[in-house]
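Naming follows writing order (A, B and C), and every chain is counted from residue 1.
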Amino acid sequence: MATKIFLPRLGESITEAVIGRWLKQPGDPVARGEVIAELETAKAMMELESPVKGTLLAIFPKTGDTVHLEELVAVVGKPGEDWDSSEKPIVAKADDESAKLVQKKDIKTALMNDTEIRLRVSPNAKRRAKELGISLENLSQIVKDGRVTAQEIEAIKPATNISDSETIPYTRIPLNQIQMITARRMVQSAQTIPQFSVSIEVNADGLINFINARKSIGNSKITLTAILIWKVAEALLKHPRLNSRFDGNAVLQFQEINIAVAVAAPEGLFVPVIHKAHQLSVEEIAKKLEQITSRLKNKRLEIKDTQEATFTISNLGMRGITSFIPLVDPDQTAILGVGALRDGIQWDETSILLRTRFFTLTLAADHRVVGGAEVSDFLATLKQLIETL
Amino acid sequence: MRKLSISEALREAMVQEMRRNPNVILMGEDVGRFNGAFNVSNGMFNEFGPKRVWDTPISEAGFMGMGIGAALTGLRPVIEFQYADFMFCAMDQIVNEAAKLRLMSGGQASVPIVMRAPQGATGRAAQHSQSVEAFFMHTPGLYIALPSTPYDAKGLLTRAIRMNDPVLILEHKLLYGSASPGGGKAISELTISDIGSDVPEEQYEIPFGKADVKRVGRDVTIIATLLMVHRSLAVAADLEKEGISCEVVDPRTLVPLDEDTLLTSIRKTNRVVVVSEDISRGGVTAELSALTMDKAFDYLDAPVVRVAADNTPIPFGPAAEKRVIPQLEDIKKAVYEVLKD
Amino acid sequence: MSFKRPEDVATPLNLDGYEKPFLEKLFLRMVRAREFEEQLYYLFLTTKMPGTMHQATGQEAVAVGVASALNTDDYVTSTHRGHAHCIAKDVPLDVMMAEMFARRNGVCKGMGGSMHLCDFSRGMLGAFGIVGAGIPIATGAALTSVVKGSKQVAVSFFGDGAINEGVFHESLNMAALWKLPVVYVIENNQYALSMPNDLVSAVTDLSSRGCGYGIPGEKADGNNVIAVYEAASRAVEKARNGGGPTLLECITYRIRGHARFEPADYRDKAEVEQWEKFDPIKRFKVAALSGGNFSAQELVSIEKKVEEEITAAVAFASAGEEVGAEDYLQYIFEQPSESAGS
């Protein structure tokens, strides 16, 4: 088979050469290693040798021609041999490519105009706005300067029928700090926690007797709430997984039981905390509760009163609510919703109807941490603790 | 559990592994008979003798190359450079040979070598103070760990010795916690915390590519390494009183980098401060900022704030050194900055 | 002028006293090295060869003479001009050729190319593209031998240019200090790319540099494979028995340019022709025939065998899969990378 000779890479930066002179012509015999042409490159004069012994069958560039990388230069073989002329490497068109000028668009630096203040919205805010379906067009009314962040976005109620609500007259009532924080945390809870709830009916007879007994000996301040805190703490000792928080790839099980109680005040929703409830007697709990509520009423609630809660109780029973599903605090795993005391009927073993009092407890929880079985067991324990008071 | 200093933890890692595996050797200047310039190899020459603990002449390129040759032929050398700045004398062997041999040989060569070096500014001027991690982050084929606590130090070094690729362990002079035989204790740093000084007696490994959240927080993510971890923790404790909750994340290894942990934290807080003792230009803070932008752009409520050394060789005068190297106030200012809007 | 004339360097080449199989081995290895490179030389004109090559044409006796004094498990480090060292250590031609072609069936899986050939199964720790890089590495291999008590010896091949690298001095000092079993072979082909010895070295008696470290220096006629073999054997024996390192200077000549397509204009054609007359393979053939150690037929049949081996190697290489775009991800670390992006 005939051997084709291509212009090799004569140096790292050399992509072409000029034929200085052919030392052999087609038809001449050549030995392996014999010089057949002289090449001129940017660096030096080089010699082109024949790689095989044979007859020079063809040469392509003429003296003075420029040859490019991998271009076919010559063919050596047997006299009269047929060689495939179709296999020619593509000549590099290096210069044409670089000659193409890239059209650059004139970019006006339209950043800051003296009279124009550009609204800066953080990437995080844009993302949250998108998720919540909020349009960014009307934001200038909310934020006068600085950057719009996700916090501001989340505090906005997404407009549903924008055109309709534009024509209805309204009064704009800004949210205060407490309400803003609450709003943010409610959204965070709804957005990030897969919540589910389980309810149970608890017989309140024993509980009511307990309260009355304490009342009669003058401990008038042992409230239903205090007793619930006391018993919930006891139940959490047996079911510690509900006294925890989800943390990405783990559950942080708290070593203290700090129970928060939701309290509605004119200013907004407060959630003061009874710390280390598992170590307190019901009297101590009742006393702390009284002190906190008093501080709250006098607007003297301290930061530490609202920090480090591990579990929350929300009681709407005094407002007549039979049952409800509260929202889990974003830093906790579970919350207990307490309904109103109601009259009921119960059967005993001999099928005698008895009048009884009961109420509904609803536990809402983070399904990443616990499932139906665990919350059910917790409520069963709690029911038992309350019913055996 | 007993408490160890980083210097003791590193020593224990080497000693225990050398007892377990006769192929592990230690080489470096003054590491044997002098017990090491920073006392890390105290007692090792006595226990293991001159065939396992080699006092080398001042020939960084030479003994680094020898370490590579030994690693290629069945030993597991630990090469101690007396100061990170001196690694530059061995750059060719580190970058062109150690890091590239596996690839160039198509997997035939394995270079199980560990390089250790102390870095950080301690008033010894420019040639004994540089933080060099960026040069080696930019060297493909090298793993890098920066242990900021004794627990991390023992676990990371044990793992490093057992890995079959070249590993660089950068230590901080002010975190060693031991007296240097050459002259007294390293300058005391009041903000060094006790954190991570409980070290198990048995051998254990910390996998590379696992960052450590050294403090959980909600408002800002501070990513820091080595001494800056401790400065960040001190600042975080301070800021807690102002109601600012900082999360401090220590990557522990820069190559490989635990992106998941960093990004999880950033997505939680939406604000990032990156702190490193190396210079800002082309350094650790630049790389982490780029990563944050690449992968957490949509979670940022503010641009990343970088706290790093000034782009200068480190000057001698104490006031000047203090000005160049990130201090507590610089980190605090950065947190305020990122929370600004 | 440091140029050494071949007639001043040459010592008599006598094949007597050596077993025939051993001599065959010597000749075979030299011819393999020569033909491997010659074939490649022309492949660069007829095939799209990636990269370049640095030929050791004319220097084969140094590689073969030294390597023939070693066991398979003795270590060798080499240079960017490493084909002959590999072949002398019996690295198979086919996988070497495939590596030149950047194929997956290359000895380094197409990841290294000509300058980084290595074969750990034969103690060939690698060719290196950084001048002098192999010197401390061979010294380290010798350290392993001492720590393990294995009696293995390491040989470091390097050129007259490498002896001016700092690591040369650092390595020799430590090798002598600790009596490491390493032999340092200076392949003095009289040019470091374009620079002759006297323009770059203050003292051109290169093997005398050992005296600064208490290392005995020796010179040998680099184109006399027996002379090289004998000098190397003594040095290897000494090292193996705990006698420490030797600095062996083999004086030879680089017939081709520094690299493929490097025309070496800085040398006189006459100089090259002078040394071509003392070609090591030519000299061996002459000595073999005149000494009655081989018949002409035997020599030709060895040459033919090599021709066939090379043809097969080229076929093997051409048939090999080209390196894939993502192959490198497997070789950065022991654990393959999924991507190497940021």
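Just a few scattered comments:
To be clear about the criterion, contacts are C-beta pairs under 8 Å (C-beta built on N, C-alpha and C of every residue); 3 or more make two chains touch, one makes a residue touch a chain.
No experiment lies behind these values; they were computed from the predicted model shown.
In this view the innermost chain, defined by its CA centroid being closest to the centroid of all protein CA atoms, is B.
Most remote from chain B, judged by the distance between CA-atom centroids, is C. A separation of 41 Å divides the Cα centre of chain B from that of chain C.
Centroid to centroid, with C-alpha atoms defining each point, chain A and chain C lie 59 Å apart. Centre-to-centre, using mean CA coordinates, chain A is 30 Å away from chain B. Those residues of chain C in touch with two or more other chains do not exist in this structure. Partner chain A is touched in their complex by these residues of chain B: 243, 264, 270, 297-302, 340-341. Remark: chain A residues 3-6, 8-11, 32, 44-49, 51-52, 70, 89 touch chain C in the complex. Those residues of chain C that touch chain B in the shared complex are 75, 77, 106-112, 116, 118-120, 125-126, 128-130, 133, 135-148, 152, 154, 166-167, 169-171, 173-174, 177-178, 328, 330-334, 340, 342.
If you check the complex, the residues on chain B that touch chain C are 23, 25, 51-52, 54, 56-57, 59, 61-75, 77, 92-93, 96-97, 101-110, 140-141, 143, 163-165, 290-291, 294. Here chain A touches chain B in the complex through residues 122-127, 146-147, 149-151, 248, 303, going by the rule given at the top.
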